[in-house]
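In the two complexes that follow, subunit A is the common piece, with subunit B as its partner first and subunit C second.
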Partner chain A sequence: MFKLRTNSGRPVHPDVPQVTDLFLKGEIDRRAFLRTVTLLGVSASSAFAVTGATPAGAQETPKKGGALRYGSAVMEINDPMMITWTQPSNVLRNVVEYLTRVDEDNMTLPSLAASWDPSADLTTWKFKLQPNVKWSNGDAFTTEDVAFNIRRWIAPESKSSNKSAFSAVKDVEIVNDLEFTLHLSRPTLAIPEMLFAYTCPILHRKFVEQGGVWTKNPIGTGPYSLVEFAVGQKATLRRRDGYWGKAPHLDEIRFIDLGTDVSASIQALASNQVDLVPAINTTDIDVVKRLPNVTLLSGRAAQTICIRMQGTQKPFDDIRVRKAMVLASDNQKMLELGYRGLGVVAENHHVAPFHPEYFKLPPLKRDVAQAKALLAEAGYKDGLDVALTLGNTQGRWEQDTAQIMQQQVAEAGIRMRLDVKPASEFWPIWDKVPFGLTFWAHRPLAVMTLDLAYRAGGSWNESRYASAEFDAALNKATGIVDPKARSQAMESVERILQDAAVMVQPYWADRFGAMSNKVRGFRLHPATYNNLTGAWLA
Partner chain B sequence: MARFLLARLGEVFGVMLSVSFLIYLVLEHNAADVAVKVIGQYSTEAQRALWLSENGYDAPFVQRYFAWLWRFVRGEWGSSTHYREFVAVLLPQYLSRTAILAGTAFGIIVPLAFTFGIAAGVREGSIADRVISFIAVGTTSIPEFASAVFLSAIFVFWLGILPGASMMTSGFEWPQLVLPVMVIVLYDFGYVARMVRAAMAEVMAQPYIRTALMKGASPARIVFRHALRNALVAPITVIMLQIPWLISGVLVTEVFFAYKGFGTLLYQACLNSDVALIEACAMTSVFVIVTTQLISDLLYTTLNPRIRFGIRKGEA
Partner chain C sequence: MRNLGRALRRPAAAIGFAMVSVWVACALFAPWLAPYDPLKSQVPLQFPFDRAPDGGHFWLGTDLLGRDILSRLIHGARTVVFWAGLAASSAYIVGITGGLCAGFYRGITDRVLSFLANVVLSFPVLVLYILIIVTLGASGLNIVLAVTFASAPAIFRIVRALSIDIASRDFVSAAITQGENAVRIMLVDILPNATGPLVVDACLRLGYIAITIGTLGFLGLGLPPPTPDWGGMVNEGRGMAMVFPHLVVFPCIAISSLMLGLSLLADGLREASRSGSRA
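Let's look at the complex of A and B:
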């Protein structure tokens, strides 16, 4: 009765019927079903038909034309695979494209790749590209471009975070101009989703040859071209002719840098100088709510702060010290006081309750007496002095939260000093300080972060955590298709990480933005991978 | 006079030279640090070593300093690591925006401060004096970051008649200048007005004013012919000192309104450890300070005939 089709027209992956069955029996929810089958290459429209829902469509007929003014920092973009902030990717995303696209509901949809078919064991992925795609310089877009990019990410000398994200990728095999195959060393379900990570835009095969500075030579396959770019000031994109896909509505997108003071963004919005400010602080919510003609945007996102300890450094090399720190902290209180309760409490293992693979462990309990006992055992009877380094990279709430923790751990005799640095001074050392507070952006799947941050030798492994047991458990979980079985496999992953007391991870912070009522067809993306192709101005 | 000018120019030169040395010492004494800041944290040890030797950082410190100074004097100011642009291109662009902002503010502050200062100082203790002094002290004691918030609350959020951000991305727009100018004027005019008032009140108490009064001169004639020129002498120094303050002291206002001027440039340069840009900004500030002081000294001599620089006793 239900017909699930793949985008490629090939037969569906052998696990698809079972996942569909689980959904129809009510054992997994609609979201988990849609996300899983689309990752396996099933077309979104046929998957929606199974759920009985239709994709949310626009009620009004979009108006063509106009320029959208987008308030955001304009940062330098040299090599797109090396960017470390999502703001540059929002400029890039409209000019260069990704192989896949993950939408605002975390569903993976085709983009430059028209279809993908994983093998039954998830280690061989056959991709087919969109035909007739041309680069803005007239060259044809082929698998050669794709192979150039992926090989550059995983090359031994690569410094991109993509290198550890795609550590399972052994090789890219070019089948013909439009087909290529990824060979993996271990089963990985999330491959299509990972290809939309902000550091993965597909660049022209001659990118390195032609200087390796993207803004100097901004060739792309996307619907816009970069016409103006000044760091710290503005970036202007203009719609170009000859785009292969559905033409977007806006003629121009103007990124306007409003400086580091967020109040300027709100003021600019209030006086109609910008149309969209995709990121605002929780402290500005009340002001935005009171503004006429402005809509508050909000969304649940798996973004968080990790107050992590390096197990290779004194005094954190003693697990009793780390455990004491965790036991003395109260995550719920930090959420309430540090972020006005606008989020979900976290459990020190970097998997969110709203991640599809989440497994519910028994709730954490604060125990100051035990924390004290552990400290005494570790030889700190008279208390312990530590310094936490932080950079308020996302705003003052990072420091607010740290201050609450400071008071909490003081009860256990831990004297925590806060070493607050400007964001730009913090970034060069974020993964080097023994004790630091780091902001982690949203990833649609928890395993993507776990791969980067907690696998032994992961490129963003800031806690220097290394455990063969954890890596093995993680390998097992990443290869399971069935969301239910996958979540069960995550139990040991979460437990191992939580028991290792690597970090205090207080909460998952909701995201907030604001836009003028004139803007239609725009939704906040949980990872700030904002998509403007559907946006228009009324 | 020529001798005086030469001596002063020599002093200016000396100040700039010693400040330049201090700036270089603070920012570039550790060559390894500079390499990290310029080519980035992801650079390898070998890349840094190569960069250091290519850019002459192997030489001893003093030699490096003079090489840098020579390049700086010839206008080779290097390029900004944050803005990815030559400093020599960036600086005039941002400085001219601040010149517009500061110039407009200055053009309002001076007449306003003189009107109020004279009105208050003519009759010390009068009601006009009390009211003006109250306003002047009041506005001066509100810091810019507070008045910026108050004024935006009124004009942007409540009345909605002024633009709240002044980034001027699509060319120059006068309305965007109003709020930042208002903030600066509000903060600064009271101080200058108080200076004018004090000088005026002092002059008005002089015997020659009383003489003029008894001779039956009109109040207007007394104020404008007899008092004003003498009362100008002290405030002129104060006013000249406002210029360097306006160039770099507007930082708070510029950042608040996202105005892309010299203050923002300096702020971003410091936040991002942008060595070449900090050096150029600091040298520009020093240059502005010493030249305004020089001008203020010259004005002082013309206004006050009792002061003749460079002339020793007995020579006159």
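Let's look at the complex of A and C:
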């Protein structure tokens, strides 16, 4: 039997043997085991050895050189901790880096942080940085840079979503140039995973002093340098010498903005104007399958849409109205018709069946008669008029799903008008409208989203949901290492949220992309945090 | 009506009239003609002639959400005919009122109104539509407003030119000398003599407005979903057109046939009015 060892060389966390035992007894699956022990600082190679599997290796010898043309929106990047889309993070992540890296299989691996060791109670996390890392301006990368970033994220005046995500972080203690410690107010297992959130790239300690606009002074520790940047047009990255890690294969990565119309992106791919389109819609799948020399990429992802109701605004301040909306909706049908059945039905609590902490609650039942009765009780005997605001931010499937729901709730007497706005007009009001449809990107752990979106005062709490009971249940779950026990603790988290009827969350949408057959070494990341360092052109 | 009768003796105009009539009939009797509820989702992406769950047929197939395309086209005719008719009427009311006043009063009234019309006409029409709809939001009334704003100046110019010509004739001078009310002169003496060219223009303009409503729908600025809207149907289906061409072909045929019908009818009316004048 192989022995588990940590990346730091220190003894493993006291809960690791128990988690290993659960895996060996078959009580948790391989994926849950790998994810949990790597979060606790165990090296991926030794964890794989215990499972008897080996990490997927390359089948062909990569070819050096060439420029990959990546079809994606090129958006403004000022302060990276403030970005709200994943597209700019893909430009960033090849130039600046994160402390950790969550791979395509949701395993957390070292990046700028070479190792981490949590205390037994998960409230103290000791990190050690990679040695000999240099910034592109020649400065040495040290814990001072890390502390600068984390302190900015959690500062009282911070407007970043990181503020609520890292609300458990009390302090960053610099031990020496390569070691630092995070002190938390409550146990949190997901810290290493959270450090790979797209708003967490590590910037140079003088970022604010030098103007606070990253594209004007794009210093990074990553394998590429930003050489050209034009919002709405293109961003060009060129491989830089002296990178501390494994050198990437491509000489250049060119991000080409093809607009918001996915059909145009597919045409560009078909006519060899781009090599990779990382996000396409379900309506494009049939077309992509017929294109010669193009590969369809697909993967399960915890990305979803939430049709949420703001409990602080009429008529949703009455829980009977919210419950009626939920009871009148049929999530399975919305998946089948709105997303062509290409995903997994969701259960109105924002935890996916494939999240490691998921607890299976009894299935939801549609009950139009009860919905009508609740509406009548709430004073809407003759039905209710509501307007759902949406922006089709990811494509028309959002609107398609809303139209299916519109038909369903009409049976209960809810006359739902769709207020479809252009995405640019939707984002300024996405968390202000009483009734809105919001796309939520993939996060490897459900608690990461729950923290942001449903904890009282959370940065992106669009439903204005606030419950001390929910917060306490969430705190309890985030501090449990044992995946089985954590899943059981999540039962109350899921149930409280489901009972509060905060949202209709129809389904978890699978992710799709397309690329030219000449692109190799690329896998679609479930969160579209696409890593291009392994990609090459045949 | 006499002109219409003369025009319908020409085959092209008769065909145009028939095409327009079919769509008007669809608009009027949509609930009875459509085989299914145009908003009801049934089986997605069925091809033309595929069987429906109730044993009937989806004669033109179904869309991505499983809605019967034929039913949506028939109800879409109602959308186009109603809103295009309303928008054209509104544009004509504004354009005719302005044109009559400018042509009859001339002087400062003419200069101010002509200046305003020229300012609006100097903008590209589509840009103007998009600006108005994006600012005010997509709704039927806002489409009417946008079409009125963009089309009224062109109608104004036609009516103004006709009014200047007619106002210089003896019977108008006689009416003025008799002390007739200005509004009465404009409505009773001038306007009826300007209707011939205006009817021809109206036919063509209705077609353009139908195309505009389709274009706005295509750009995602048309009537809010789930209203059946031909342009919106083309927009919804174009991404999958390579595999499911029926999603776009039938709405395109609907738009083209209405436009062609109105053009043929307008040509017929123009010819009929010319031959009438010669007679």
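Note that the second predicted complex is superposed on the first by the 538 of 538 C-alpha atoms of A that agree within 3 Å, B and C clash if a C-alpha of one lies under 4 Å from a C-alpha of the other, contacts with A are read in each partner's own complex, and residues count from 1 in each chain.
The definition used in the following text is that a contact is a pair of C-beta atoms (placed from the backbone, for glycine too) under 8 Å apart; a residue touches a chain by one contact, two chains touch by 3 or more.
The structure presented is a predicted model; accordingly, all values stated were derived computationally and were not measured.
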Combined model on subunit A: subunit C and subunit B, fit or clash: fit
Partner chain(s) touched by A:K314 [first = subunit B, second = subunit C, both, neither]: neither
Touched partner set for A:Q267, first subunit B, second subunit C, both or neither: first
Touching partner for A:V231 - first (subunit B), second (subunit C), both, neither: first
Contacts of A:D284 with subunit B and subunit C, given as first, second, both or neither: second
First (subunit B), second (subunit C), both or neither touched by A:K25: neither
Touching partner for A:K3 - first (subunit B), second (subunit C), both, neither: neither
Contacts of A:Q406 with subunit B and subunit C, given as first, second, both or neither: second
Which partner, subunit B or subunit C, touches more subunit A residues: B
Partner chain in contact with A:K246 - subunit B first, subunit C second, else both or neither: neither
Subunit A-centred angle between subunit C and subunit B, computed on Cα centres after superposition, in steps of 10 °: 30
Touching partner for A:P422 - first (subunit B), second (subunit C), both, neither: both
Subunit C versus subunit B - closest C-alpha approach in the superposed model, Å: 5
Set intersection of subunit A contacts, subunit C complex versus subunit B complex: 263, 266, 287, 290, 422
Subunit A residues touching subunit B - in the complex, by the definition given at the top: 76, 82, 159, 230-234, 254, 256-261, 263-268, 270-274, 287, 290-291, 422-425, 427-428
List of subunit B residues in touch with subunit A within their complex: 36, 41-42, 82-85, 149, 152, 156-157, 160, 162-165, 167, 169, 255-258, 260, 264, 268, 271-273
Residue numbers on subunit A that touch subunit C, as the complex places them: 262-263, 266, 281, 283-284, 286-287, 290, 333, 337-338, 340, 392, 396, 399-400, 402-404, 406-407, 417-420, 422
Subunit A-touching residues of subunit C, taken from the complex the two chains share: 39-41, 44, 64-66, 134, 137-138, 220, 224-226, 236, 238-240, 242-244
